[in-house]
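Sharing a structure, written as structure tokens. Questions coming.
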Amino acid sequence: MIEFVLDGRSRVATYMQLVLQVKQALRVGLAQPGDRLPKVRDVAQALAINPNTVLKAYRELELEGLAEGRPGVGTFLVRTLAGPALAHQAELRAELTAWLHRAQAAGLTREDITALVDTTLRATPERPPTDGAAPA
Amino acid sequence: MIWLTWRQHRKQALWTAAALLALAAVLVPTGLAMRSTFQDSGLGACLRALGHAELVDNGGCEALSQRFGNKYDSTAFLAVLLVLLPVLAGVFLGAPLVAREVENGTHRLVWTQGISRRRWILTKFGLVGAVTLVLSVGYALGAAWWLEPLADNGLGRLRYLVFDVQGIAPIGYTLFAVALGILAGTVARRVLPAMGISLTAFIAVRALVELFARPYFLPAKTLTYAIDSPLMANRFAGSWIYQEGVRNGTGALVLPDGRIGCGPEGGDSAGCLARIAQDYGPAPLTNWQEYQPADRFWTFQAIETGIFLALTVLLVTVAVRRVRRIS
Amino acid sequence: MTESALNTEALGKRYGQTWALRDCSLELPAGRIAALVGPNGAGKSTLLHLAVGLLRPDTGQVRVFGRDPREDPDARADLGFVAQDTPLYPDFTAAELITMGRRLNPRGWDDSIARDRLARLGLPLDKRVGRLSGGQRAQVALALALAKRPRLLLLDEPVAALDPLARHEFMQALMGAVGEYGTTVLLSSHLLNDLERVCDHLVLLHTSQVRLSAPVDDLLASHCRLVGPRTPDGAAVPGVAEVVRASHTERQSTLLVRTDGPVDENRWTVHQVTLEDLVLAHLGTSARPTASEVAA
């Protein structure tokens, strides 16, 4: 079962932090369809946050079709984000590691690498291209 | 609510019981000793024979009375202690009742439960009042029993201090003291100041009534009799004597706080009279006293108690109104 | 439309010549966790005391689930209250306090709620509460309030006197209870930090009056900070309903505003605000020095 944590300094809304953690867990295979999400009360108590915030996060997951509430039982995950991509992750990760080594060898610092990845990600459209989003 | 009241005040109740037991441990043996001396010495029988008439053929009991007085008059100081009991009830039972709750903030705990504040007031004041009533009845009866020989031996029941610890007046004082303590608690809202206020106010009110009201409850009577009368004022009648002395023919008080007996048993009655006239002016010389007779005891008790019960009702009413405004 | 847990209309309370609370009208829908925030002396305790029926209002009225808390015993049964400094009888044990609660609450009381909560926290039931730590006493007070099974729970600065760990544990217990029973909560604090994660409704009091009373999401959506060319105070800005706070440099103005329409994004850079920014802005310039004051 997922154990939620909160980043106190993050500007991301609390409910969204919960949503992202579930998605992350689904992506890396730590959570799977059929898993029950922790009870609202338990999350609220453990994190000392408003139970309505937890409910809001669970509703968001339901809206996205990732989870399903079963009255009187709890909220269950019904879909995964890992999909076929999970199978390729190990291979991609190995390639990325090799690339990172090359980048370091080329003298790029950690910040340089992050910036490079960020700009490249932004410049590479997922869907039909919008106006150039690369920062000036 | 009754459970809560008991749980909150059981320590006070136990302390009160312990204090009263300690007091009883002193009073019961001395009381028993006094009573047996009173009877065994023959003083009791002598005074019974003398009766309670205001003028009597004075005689036989003086010596016995003197001896009894020498032995026991000093114990009368215990009566002073007894006079303090009501104010102690006010200070230790009354003052903390509301003040302690407000001082600790617990009134906000107890007044936000399912029962109404009215019910809290009724139960608290009612139970404390009932306990006070029982205690003060016992106290009045005990004090009256203990003081009886001393009172009979010339002290009288109307005197200051003696009057104050028996009959029904102590009940009025005690209820008044507790009501005063409660009200002081609603004003000061802290225990110690409430205790101080109730102590001071109690003494002030008691002194005012005792000194400036009680002597005027009923008009005083006067008793006069010739100095050569065979009968003298009965020292054991239990009267409350305001003033006494000897007046001469012009009506002037020539011998304050004294009395003169030139009665027949002295022998030379005429010679006695002549000598007195030389010293004090024209005949006829009369003994004179201004006093409240002993049989007015219960009337005085009723008036005194009435005053303090009325004050109690007033204070409780004000206290209830104040409690309803505390937040 | 959800039910209203707490409703006040033109509520006022005066001590002598001074108004402790004036013209207070607000509505708290059921199911909310509301923060009652304001500086010390702003009237938070007065409002809570009026809501639980400890005080009688001088003007207006207060209703708890539609009932007068001072007159109606049903309203009293609906209310739970944890007073400031969590007062308890220090010579009572927790078990005795639970007995007291049972005897003082003929309706609705549930012993097991208090017992279970304290057992889970490992709190001894047979120890005098005067010997417990501040955090433990606060937990006992909360357990007693919850055992009443209230529909509206009011707490007056419950964590103000606690250390950070006890504070966190108290909020954990409170949020767990709300998750379990769905209680509506109104809790006061002079610090917002304690409540930012917790509340979804904000009531802001300042100088005895209500400045804000709205869902947190609405407040955050309707407020923003605008940075743009210097604009004189009082000048109308399109899309802005109210300038809450403005500070100026020679060429630039920074405005914290409540919007009621789209703002000209060519003229202004729009920044989102946090709840804390918003509260400080509404509490006025005294809360924080302006840039010019710092420079001087």
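General remarks:
Letters A, B and C name the chains as they come in the text, with residue numbers starting at 1 for each one.
Definition applied: contacts are C-beta pairs under 8 Å (C-beta built on N, C-alpha and C of every residue); 3 or more make two chains touch, one makes a residue touch a chain.
These numbers come from a predicted model, not from an experiment.
Of all chains displayed, C has the C-alpha centre closest to the centre of the whole protein C-alpha set. In terms of the distance between Cα centroids, chain A is separated most widely from B. Our note on geometry: chain A versus chain C, Cα centroid distance of 33 Å, whole angstroms. For the pair chain B and chain C, the distance between C-alpha centroids works out to 58 Å. Between chain A and chain B the centroid-to-centroid distance comes to 88 Å (mean Cα coordinates, whole Å).
Listed in rising order, the residues of chain B touching chain C in the complex are 1, 3-4, 7-8, 11, 104-106, 108-116, 325, 327. Looking at the complex, you find that chain A touches chain C at residues 6, 11, 14, 39-54. Taken in their complex, chain C has these residues touching chain B: 49, 52-56, 73, 76-77, 79-81, 83-85, 87-92, 96, 99-101, 103-109, 141, 144, 148.
The part of chain C that touches chain A in the complex is made up of residues 31-33, 168, 171-176, 178-180, 197-200, 274.
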